[in-house]
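So, here's a batch of structures to check.
Here chain A shows up in two complexes: once beside chain B, once beside chain C.
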Partner chain A sequence: MTPRKPSKEPFSDWRSGSTVKGILEAIRRETRGLDRPLRIMEVCGTHTMTLYRSGLKPLLREAGVVMISGPGCPVCITPDYYHEAIIDLVTSNNNILIATFGDLTRVPTARGSLQTTVPSAGSEIRIVYSPEEALELAQKNPGKEVIFFGAGFETTIPAIAFTVKRAASENLKNFSLLAALWLIPPALKAILQSGQVAIDGFIYPGHVSVIIGQQAYRFVAEEFRTPGAIAGFEPADVLLGILSVVRQIKQGRPEVANEYRRVVQVEGNPVALALMAEMLEPYHADWRGLGHIKNSGLRLKPCWQALDAVRKFDLALQPGKSLQSSCRCGEVLKGLLEPVDCPLFGRVCNPDHPLGPCMVSYEGACLIEYKYSSGAKKK
Partner chain B sequence: MKKVSLEMGSGGRLMQEFINEKLLPLFKNPYLKVLHDSALLPDSLALTTDSYTVDPIFFPGGDIGTLSVNGTVNDLVVSGARPEYLSLALIIEEGLEMEILEKILASIKRTASRNRVKIVTGDTKVVPRGQADKIYINTAGIGHLVGRPRPEKIKPGDRLLVTGPVGEHGLAIMLARNNFRMSSRVRSDCGPLLFLLPLWKKGVLWMRDITRGGLATVLSELAGKIGFPVLVEEEAIPVSRALKGAIEILGIDPLYLACEGRALIVVKESEAKRVLNILKKQAPSRQAAIIGEVQDRIGRKGEALLRTSSGGLRLLEPLTSELLPRIC
Partner chain C sequence: MCLAVPGKVVSLESNGTGKVDYLGTTVLANFSLLPGVKVGDWVIVHAGFAISRLDQKEARRTLKLFKELEKLGPAD
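And now, the complex of A and B:
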């Protein structure tokens, strides 16, 4: 047999209509005869994006699978008080340079957003594309205190940890990290333990899994008897993950399947994991919507405190009043509420005037629904 | 206190709101009200103006000079007018090297003669260092109508065409700023659309040059205007290979990237193939394609929809938050 010629386009095979149709048909065959649709949570916001951008969500519904968006958007789950602490810092101090990712600057809080804040003389808020860029800002601006406000899951945490390590080795005195770093497995545990959402299975985030590996989710299958599959981010990737979960449900054999084998290893990335263990320690952290979750956040270890913005500037990371009592991002993040069922959605909350982080972030379920869904309620 | 945000100038929804709520009521008159790319004046005259603030001023495929002529020429062409005369106003930052200025002026001259337009009036201002960034250019253009957009005639079945691969200007600018530290062979598509003029007599009902907000924003505007949904096929939209590679890495949607030498054209169903063949015979539109049609079965009134390569349907919203300021 001659090997098939690889396609010219990098991902066309994973997107093609015929591949997608074939897998959808296989899912439909499996769900035939079930008395209710299966409810599968895609944990990661990028998967939510794939499902909407390719228009797969309604097709899956027809095939007997309801997809529920999970908490996998770091911008969305970072509590307001991180933003408020920064707003306080830049409005009351001169020569502070906050470097952060674009989405984070637009999150509305009781004190406005980072974008609408007017910093004190010499202070500013700058958008960067990588933690490394923040480090370079510190090198180029020795007269300023550069604080990198980084929110992320296991995917981005190693790069952030590496940047801090570099700052330490270069003895950069004017660089520090405000860490809003979150871990996926404890959040899954909290969702399962709360029992509020009926979930038949999970699609695990592909790039988080590159770091933490397949075994990190074993407790979901073993303790909670809930199926799951790691999936990549092309339409066919996600559908293969869903097919695997549907099959596990039907056979009553929950496991952690790996449908993203081209990049995910069983043990994850040992180098990245070692770096995280060297620099960071877990603590009991607050998630917007999900609340206080045991060992679900990472912060710098005490030996790196010179680089920890919380310690360096004595930041008060305390829950304050929340901005919009009727914003229901919390329930959206838990999978309890579909974005369109929020009374604010599309009427007063839209991408130009977001009232909650889920309408701000490119991985936020509300923004994705608003942007990509035909017939979603508007205005 | 409400302040002007970058998004207000992005060509997206906030800019529409600004125009509709602040400008239109203030300057109320029948010519402005139409809000086409040019004002259609008595005696078959069309008038348009545009300011150019692109950063960087030189980029692969063009510079602020070529842009400032082509952009204004193209606004006239898609309004149905043959461009004839241009004004040229320069706002220059003190300290700009004369050699750079001369290079830009040479570009302007070359592009103007290529477009067969004369620069007949102008203005030069220099502002103190730091009060502008290198150079800004404003041009206004005037020409006589050879055709007339007829959006009210558009009906289900009419075809949507693009004149070439989309998104190249936006990406070229993005990469030229080097924020992402990657390089690519993508060059700006900055160029004149003069070759579209004869098509006004061949069944074309509407044209719009695809600039800020990209193809998706133009489609969404069109759908809002005509009262029917429009549906385009992802597979049919021309995107160059180089662009595809770069956007995969950056995670950018090509349908929201700006062009500076492409247009969306609505053609009567019966004439679509003929118009496509004419386009394909000309160098700048060799990769033109029919990408979809006006609908009456799929979608709701005012919606622009995309059938994805995976076979699903997706809404195309106008661009809301600015991808990148100062792309043109």
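And now, the complex of A and C:
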């Protein structure tokens, strides 16, 4: 058998130096003559990663654009008490299997992390890549209660909803979900309403937008007169988004632009949206840093309660129990603080010894800053 | 977490799953959220599920825009 030729990635041009330079110059042309730098929030942690990894942050600053990291890291915004409830469950019950995404196991809380915790007899914690893997663990371990602890935004929520529906249709009795599911538009509204951080425009998360489409952000342009653009994740994608936002600011015509049209449809993904509506209902959720936000979380509808770990195990998901830590992740998530300005950044808090989720998650601003900024800046 | 890279669909099974090739590495994906996918399509896969198909026509349009911006040269 001859080895199959690997498919060539058709988007290498989105990383090419000449393309990046061309768009940067276009941005510079627009910002020329402005009396102050423009402040644009990249909502999504994966965008933060692109900006650092490709060295665009300082280049944009030179071109008159300051990028501010936003709350787009689901691991970071999930409150401590979710982790503490899961740690309680797995340390005080036998034969529990917690299946979760890798980042979530490392988040430090007053009760340690899932990684450092010692489970009760027959209980264990497993890292999975997809919710369906958790379901397969439940099929293979009929003697255990398998709980999938999943955190995610709209990008991940349909996969989780699909898996729960499948578990219901297979009548799987030993599977349940602890859902930490967050919605981006209500968080943007909360940031805009708080007025704490000056923002001239937004770069909207490309893969959240794949699901929710373009209209979901309309209130930002209409109610708050704030420009924005959906962008993809290659360097040129992010820059095209920024160029669009800068042009909207200059022309005083805020809109919801889509600069990721090769992937994002205006109406989003209708199959995914229908599934979410069938399985889940909104509720007023707590975000780390941002606090209580109206209709910003999704949970299973009461008719699926047999699969809801909160109901099944009577989990106490309540704030207040957690110790106050000196981690300033909450301010980082709101765009109020740069990671390097946290007094703990670098020496005390680092990837080997993270003190907060922003230093744990691959999308966390502190970890990204630590990994990609020059060693000189590390304290 | 919202990281998702484009891959090419190489096979489809009757149960709604199939294989996607990422530059030589093949992984299993669930296509239930993206009906109508064909072998040869480029898709975005996240947490084991294909969530979007790449529109090559739009991609080419963006490439053309890149070329135009490059031609404009430096700002000053």
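Rule of thumb we're sticking to: the second predicted complex is superposed on the first by the 360 of 379 C-alpha atoms of A that agree within 3 Å, B and C clash if a C-alpha of one lies under 4 Å from a C-alpha of the other, contacts with A are read in each partner's own complex, and residues count from 1 in each chain.
The criterion applied here is as follows: a contact is a pair of C-beta atoms (placed from the backbone, for glycine too) under 8 Å apart; a residue touches a chain by one contact, two chains touch by 3 or more.
None of the values given here were measured: they were computed from a predicted structure.
Peer 1: Name the contact category of A:Gly152: first (chain B only), second (chain C only), both, or neither.
Peer 2: Touch status of A:Gly152: second partner only.
Peer 1: I'd like to know which partner A:Phe101 touches here: chain B for first, chain C for second, both or neither.
Peer 2: A:Phe101 sits against chain C, while chain B stays out of touch.
Peer 1: Between chain B (first) and chain C (second), which, if any, makes contact with A:Ser373: first, second, both or neither?
Peer 2: first
Peer 1: With both complexes superposed on chain A, which partner does A:Ser361 reach: first (chain B), second (chain C), both or neither?
Peer 2: In the superposed model, A:Ser361 contacts chain C only, not chain B.
Peer 1: Using the superposition described at the top, determine whether chain B or chain C touches more residues of chain A.
Peer 2: C
Peer 1: Tell me the contact category for A:Lys21 with respect to chain B and chain C: first, second, both or neither.
Peer 2: A:Lys21: touches chain B and chain C.
Peer 1: A:Val210 in the overlay: touching chain B, chain C, both, or neither? Say first, second, both or neither.
Peer 2: In the superposed model, A:Val210 contacts chain C only, not chain B.
Peer 1: Does the superposition put A:Asp352 against chain B (first), chain C (second), both, or neither?
Peer 2: first
Peer 1: One more residue to check, A:Val264. First (chain B), second (chain C), both or neither?
Peer 2: It touches chain C, and chain B stays clear.
Peer 1: Is A:Gly55 contacted by the first partner chain B, the second partner chain C, both or neither?
Peer 2: Touch partner of A:Gly55: chain B, not chain C.
Peer 1: By the touch definition above, which chain A residues appear in both interfaces, chain B in one complex and chain C in the other?
Peer 2: Common to the two interfaces on chain A: residues 8-11, 21, 129, 236.
Peer 1: Within their complex, state which residues of chain A touch chain B.
Peer 2: Within the complex, chain A touches chain B at residues 8-12, 15-17, 20-21, 52-59, 106, 115, 129, 235-236, 350-352, 370-376.
Peer 1: Using the touch definition up top, name the residues of chain C that touch chain A in the complex.
Peer 2: 1-4, 6-8, 10, 21, 23-24, 30, 32-35, 42, 44, 46-49, 51-52, 54-56, 58-59, 61-63, 65-66, 69-76
Peer 1: Residue numbers of chain A touching chain C in their complex, please.
Peer 2: It comes out as residues 4, 6-11, 13, 18-19, 21-23, 25-26, 28-29, 32, 44-46, 72-75, 101, 103, 129-133, 151-153, 155-156, 158-160, 162, 205, 207-208, 210-211, 233, 236, 240, 261-265, 269, 271-272, 275, 361-363.
Peer 1: Mind listing the chain B positions that touch chain A in their complex?
Peer 2: 5, 7, 13-14, 17, 179-180, 241, 244-245, 248, 253, 299-300, 303, 305-315, 317, 320-321
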